[in-house]
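Chain nomenclature is as follows: A, B and C, assigned in order of appearance, with residue numbering initiated at 1 for each chain independently.
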């Protein structure tokens, strides 16, 4: 992260604001990959019926959505600064991303609306698979529709990304990826702990009808 | 292990709904052609058990074998040999009795002539072209029974089969779903004396567990009454 | 498999004819919307991309009505159980329902598109009829596949009427986009332009991908 601010040279056209690029784009890439990974985990869940895959699917999608919010926010800031508008409807990337975001925003309400935890997990996996396949299709379709306006700010007079910026970008991408994985592991560990605690408590009180969980949109292990 | 001799085998079968265990550690063996009667208060797990045997619910624990096939994987192979009668008639209300039965006949690969025969057997031939929505509960129940036996199943799973039926109707359907039908049967009952009299094996459920299992002849009605206490 | 699908379709056709749950509502909605547009838009006629957009967005929303009601009769009357007890391939239910939805959409368009031409369209509607039919067919297929999948997903949830549009609208954006873009040259003011093959390819790809996914995944939605 520090590299972003210290190492990268300022872009000729955009100046400081261009730094947001190093956060925004990796975030977008990682979020999208995360969503597709959630779909893959969904496939594993349906094949093995092991609730842990559903947990992985849920967590990756969860964190990808959070990142997606970040993408939309940083994107707006950047847009404001460089184009003078907070949002541009003609912009294929923006619109595609927004559509994907809106789709996944229904993930939680969908989970929450199904009470039976096993069915909830199954349906969520189906959703993850369908939505995960949808992501590339959506981007392809929307991209075809519009002129490619998304700023070629990487192009200097020589065209393409100059090496220093390229390196920083790669590092930022790596950093974002690692951040994502760390967040995922953290959340999964925390959920594991919660369930361990609950099952221990259940065993201690020797009461199998321990229904204190109530309804939840999160997977039950 | 010659478990293929038994029509129904349960070993430590269990089923959860979310955090709640609807069935826990139920074990029994039922021979072909015999009748198992299941007693228990509401919520004890009778319907869950029947639905699980019908392949509508996957078992979550233990071993379940129906007609020699292990569930859930063997479900596809065995479905066509099971007749299920639950709380709902499973009939489309806007269609007529005949249309409903013909639909089920097509799904089960059964000839149309069989539909007519079954309609006759339950005494619904006359009203077969009326929409189900227009029929009385007793008539709907008769159609439901017709649907359950349409494909001549080896195993019958009946959840309160005589509900809504007057004595005449009950007598009429006896050869189809009663002891004289010769099929293996699992049915629920709230009548201790009558239920035990008509069965070979008895199961008493309470809170999802098998409170008692044994030959019906050796179980006393008082023991059944205790389940409801 | 084929006989199961046939049996299911016959049953759904009988039900639809007798109760008229889906198609009349969809037709009414489409025609009414076109009428509203006729008065709402401050122009005499539409052509080109505006015409395309109006046509397809209306079809999309009408489709949602159909999707909402697709599995209702099964859900309410225990029809799922009846089907699940039969020794048949469960994916047949998906195929049958998708075909039914496709059929409903075709019937609706048979009325709605002429209505659209009458109320709104500037250039003569017949100028590119075969191509238009092709686009309609491909788009209907996409809507049918995705719609059936979402309907099956949503039927078990509690806020079904809310979940369906929320899920189906984003998922159908590529279809509407491609269909609208493909239809635009067909409705051009100065006479029909040739069909843009790219967009047909996108529609075809979408149909294929989602049909495959739905086919693979549908079983899991039905079982318990």
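Note that contacts are C-beta pairs under 8 Å (C-beta built on N, C-alpha and C of every residue); 3 or more make two chains touch, one makes a residue touch a chain.
It should be emphasised that the depicted structure is a prediction, and the values quoted were computed from it without experimental measurement.
Asker: Moving step by step between touching chains, how few steps can get you from chain B to chain C?
Answerer: When the steps are counted carefully, the minimum from chain B to chain C is 1.
Asker: Higher C-beta contact count, A-C or A-B?
Answerer: A-C
Asker: Measure off the straight-line distance from the CA centroid of chain B to the CA centroid of chain C, and report it in whole Å.
Answerer: 40
Asker: Just give me the whole-number Å value for how far the CA centre of chain A lies from that of chain C.
Answerer: Each chain reduced to its C-alpha mean, chain A and chain C end up 30 Å apart.
Asker: How many angstrom between the C-alpha centroids of chain B and chain A?
Answerer: From the centre of chain A to the centre of chain B is 48 Å.
Asker: Using the touch rule from the top of the page, what residues of chain A touch 2 or more other chains?
Answerer: 115
Asker: In chain C, what residues contact two or more other chains?
Answerer: Answer for chain C, listing residues that touch two or more other chains: 224.
Asker: Using the touch definition up top, name the residues of chain A that touch chain B in the complex.
Answerer: 115-118, 208-211, 213, 220
Asker: Spell out the part of chain C that touches chain B in their complex, as residue ranges.
Answerer: 3-4, 6-7, 10-11, 14-15, 18-19, 73, 77-79, 81-88, 223-224
Asker: Give every residue of chain A touching chain C within the complex, in rising order.
Answerer: Per the touch definition, chain A meets chain C at residues 46, 99-100, 102-103, 105-106, 109-110, 113-115, 119, 122-123, 125-127, 129-131, 133-134, 137-138, 140-142, 144-145.
Asker: Can you list the residues on chain C that touch chain A in the complex?
Answerer: These residues of chain C touch chain A: 149, 153, 156-159, 162-163, 166-167, 169-171, 173-174, 177-178, 181, 198-199, 202, 205-206, 209-210, 213-214, 217, 220-221, 224.
Asker: Would you mind writing out the residues of chain B in touch with chain C in their complex?
Answerer: Interface residues on chain B, with respect to chain C: 54-58, 76-77, 79-80, 82, 84, 86, 88-95, 99, 103-104, 106-109, 147.
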